[in-house]
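Note that the chains are named A, B and C in the order they appear, and that numbering of residues resets to 1 at the start of each chain.
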Amino acid sequence: MSGLRRVDVAIIGAGPAGVAAGVAARKEGAEKVVVFERDWEPGGILQQCIHPGFGLHTFGEELTGPEYMHRYLERAREAGVEFDLNTMVFQMDKPVSSDGRKAARFWVMNPSRGIEQVEAKSVVLAMGCRERPAGALGIAGSRPSGVYTAGAAQRFVNMEGLMPGRKVAIMGTGDIGLIMARRMVLEGADVVGVFEIMPWVSGLRRNIAQCLDDFHIPYYLNQSVCELHGKGRLEGVTVVEIGADRKPVSGSEKFVSCDTLLLAVGLIPENELSRMAGIEIEPGTGGPLVNELMQTSEECVFAAGNVVVVYDLVDFVSREGERAGASAARYAMGRLVKGDREFKIVPGDNIRIISPQILTASEDVTVYLRVGSPVEGKCRLRADPGLSSQNLRYARPGEMNEIKLRADKLKALAPDVTNVAIGLEVL
Amino acid sequence: MHWPAVIGDYDVIVIGAGISGGTIARELSRYTLKAAVIERAPDIPFGSSRANSSMIHGGFDDKPGTMKARFCPAGNRMYQTLHEELDFKFRKCGSYVCAIGEEEEKHLEMLLGYGKANGVPGIEIISGDALRAREPNAAPAITAALWSPTAAIVNNFEASLAFIENARRNGVDLFMETEVNGLLFNEDRSRVRGVATKRGDFTARVVINAAGVNSDIISRMAGDDSFLIHPTRGEYFIFDRRVGDMVDAFFFSCPSDKGKGVTVTHTADDNLLIGPTSVHQADRDNRNTTRPGLEEVFEGASRIVPNIPRNMAITTFSGVRANSKSGDFHINALSSPRGFVNVAGIKSPGFTSAPAIAAYVVEMMKDSLGDLVKFEPDPKFVPERRHIPRFADMPMEERERLAKADPKWGQIVCRCESVTEAQVVEAIKRGARTVAGVKLWVRPGTGRCQGGFCAPRVVEILARELGVSPLEITRHGDDSFMLTGKTKEPLLPGEPL
Amino acid sequence: MPDVKKFLCVSCPVGCSLSVTVEGTKVISVEGNTCPLGEKYAHSEVANPVRTFTSTVRVRGGSLPVCPVRSKTPLPLSRVFDVTREVAKLTAEPPIEVGSTLIENVCGTGVDIVASRSLPKR
């Protein structure tokens, strides 16, 4: 066995979160910052997101996914971030004690170098997320070919030039599904409809306008695909209405002829490695429990991007990636300062997802939230006791909301206060 | 007039490459005779051997005196060493039949009696509390359980492949995607002389019918309509590995008026498996799942193991079992026409019984068909066979060694199950032809993302290794194409690309 | 006779619902927008809706078989299918530089189709 390979800050995944973390870690002063990427090029999933809509906050204009990454990778090169490509981190051990601090250890494989063990003073988890598969939904019927997650179809079409089907139904209104509806039409396929089980759209509203309405693709709320037909290739799906009780309305079933079903029914943070390393996972988000420094339950392990919580905009992913990268660099250099308080953020009314979940009052923080059900009208986000409030014109599950909390206000809370509650009030 | 070519001449032809056909083929390969297996599917196992509980039963479930009671405990004993010889995954976990209340406890007493009569070692009835001391997730309502220590779980894909592959290693030919559409006879139809297939004819001295759910159709081709297959479909859930250890042993429910009872299993690959239902159907190929069926499975499983987290389900499937009307196995050599052997109605505990049935079939052939086929032991017979090394289960040193020797061992294709490109390539070399076939061999796509990540990669590797376009790759044969063309093609009709 | 048209602004992820009062092709007023982009979008939608077009082109001998492309600026929505077919005819030769023009003035729209990534040779 070859010896340990040592780095200062190791970043797992060269998507937008990982690259931003790398840039920030170098800027913060960390010496050897290495991003491990299993693909042959950095960029992650954005390389297959060829549609526009990225970077309005970061670059002041709307870029395609590859363009966004191209610009960010320029920053990474200038900052001196190292990329270790074709290198997959496949196992992560529990952090070990080293020089009085914790250090992370993990295993990588690379086709030309084989297997290596790496020790890093700190690690940023930036593995992103994966798509919820069909099997988990318990769709009845046969098991034909032609059923893909929207992202798998996107890879075939945009990276490999291959068509997953000709006549497409889409289950779920997640953004990738909406984007793929347009994409399939522009490659000459017929998109017969988009079926959403909930009474509301889960993706961004503008994607309904520019991906469906522009191309006269129908979408249906409160409808779900309940059965697959076809022994070889998919021949059609049964779609059923969902009643006010959220149960299928018997007798409402209809057959929809199609040879392809794309699933856009949710994203799940990818935390296989985090679990191997014994990192505490927050059940609400499915990602690591993190504090405002993006530090996980293991002090030398940080996390950023969709591995923590599924964001709606890549700009936020980059921003949080930078926060995690800076923290990881400070930890590696022995100068990360946590605050001296510890608060748990608890979700209040109509709040489904919160990140970060722990506050130590070290610095001002932007908390990201998603609401559980849409409020179409004036409402107010409140952080209690008396920390902050923010008026909103509406709140929708498909779009993240932010609320800023100031460190000085947190520090000033009475010593017996250990919870911060964030909720949404309808005005 | 078109005469189909004779593809091959054999002493014995086995129809069907499931666990029955595979175990028989391996038994035959111990002799110098010339044998072939003919299978309609593109990959193995594609029938009942693919979709079942993957259980190696103790052997207490069947009434003494039946063929099942004879072959099941015998098969169980054989598996205890076969898994080492043939290198398929095997977990000796034991099983519990769980009783809730006095009525069901009476059923345990009956099974205990059967088990003792069938020679099942070590079985005993324990209290509900004793059960919960060993298995904390067993339902509080369970009042007693029948423990059978020799019960086990296999990876039924690996086991099915192992027998057939070892048979091939020892000289048996295998013809895939070769559906039988008739039998060949001598002039007065007193002897079966082979099989007719879509690819052409195969001549043989003896034809063995191990065609699973279609075995009665094959048997009728020989003029024997003494049995009928009544296919029963069973639905299952598979759960994420993270909850695989909710139970250690195999849990049976007692049968009730609602059905034979749902089981809960910690599989050989550490998933949690629950099922099946049991629904009679006319269609032999209908492997659909249904909403009510899946509900029944979940409720049934929750009765003996409560708190199974439904949101941890990663997929559902169903299998069709070759139930014969008598309820027992149907194994015989026809006296007229001669040269035809039925190994039919092999449903649960068919997988367990298969090696014992295979040994019996060969003995039966020696007795009654010895004039047609000579059984001379082959001194070159090699009983051992190794599966494709499993990266996920290897020590790190072994991984390092392999990755150094071949970069494909350093390339993960399926991250959920830690499957490398080398394993996929090897599976294709050893016979996998479809995306489903690769999955049966080395597991990419069986994990929690269900192929979302690896399916495009597996398609690419299959196309590369088989030297065909990705457009020709299917999920499971026939018209189950993964892709429908190249991009741009639909926009430029008539223009060559 | 003034008419009220409803649009959903796609200029940014917020997706404001716009109510646009028009007389013929003349915009009288725009409501519902929360920034100047919405005002601009409303005028454009009434006069001649435009969108940023993205797709791929085939590549011979590249590290990928296709290269993503975009319209350098938005082009008329009504021409999107014409542009799609035009783009489908092209086979590009690597190496390709991000931002490089692959089709000038596509379908006479006055807009160029440019590569949205760099693509080396295989």
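The definition used in the following text is that a contact is a pair of C-beta atoms (placed from the backbone, for glycine too) under 8 Å apart; a residue touches a chain by one contact, two chains touch by 3 or more.
The model shown is predicted, which means the values in this text are computed figures rather than measured ones.
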Nearest-to-centre chain - CA centroid comparison: A
Per Cα centroids, the chain farthest from chain C: B
Two chains joined by the most C-beta pairs in contact, as defined above: A-B
Centre-to-centre distance between chain B and chain A (centres being mean Cα positions), rounded to whole Å: 39
Chain A and chain C, separation of their C-alpha mean positions in angstrom: 27
Inter-chain centre distance, chain B versus chain C - centres from mean C-alpha coordinates, in Å: 54
Where chain A touches two or more other chains at once, by residue number: 157, 160-161, 187
Touching two or more other chains - residue numbers and ranges from chain B: 487-488, 491
Chain C residues counted as touching two or more neighbouring chains: 56, 58, 66, 84
Complex interface listing, chain C residues touching chain B: 56, 58, 66, 84-85, 88-89
Touch list for chain A against partner chain B, complex: 1, 38, 88, 90, 107, 109-115, 130-131, 133-136, 138, 140-145, 148-149, 151-152, 155-157, 160-166, 187-189, 226, 231-233, 248, 259-260, 272
Chain C contact footprint on chain B (complex, rising order): 487-488, 491-492, 495, 497
Parts of chain A lying in touch with chain C, wherever the complex brings them together: 40, 47, 50-53, 56, 62, 64, 66-67, 70, 157-161, 186-187, 204-206, 208-210, 213-214, 312-313, 393, 399
Parts of chain C lying in touch with chain A, wherever the complex brings them together: 7-10, 12-15, 34, 51-52, 54-56, 58, 63-66, 68, 70, 77, 80, 84, 98, 116-118
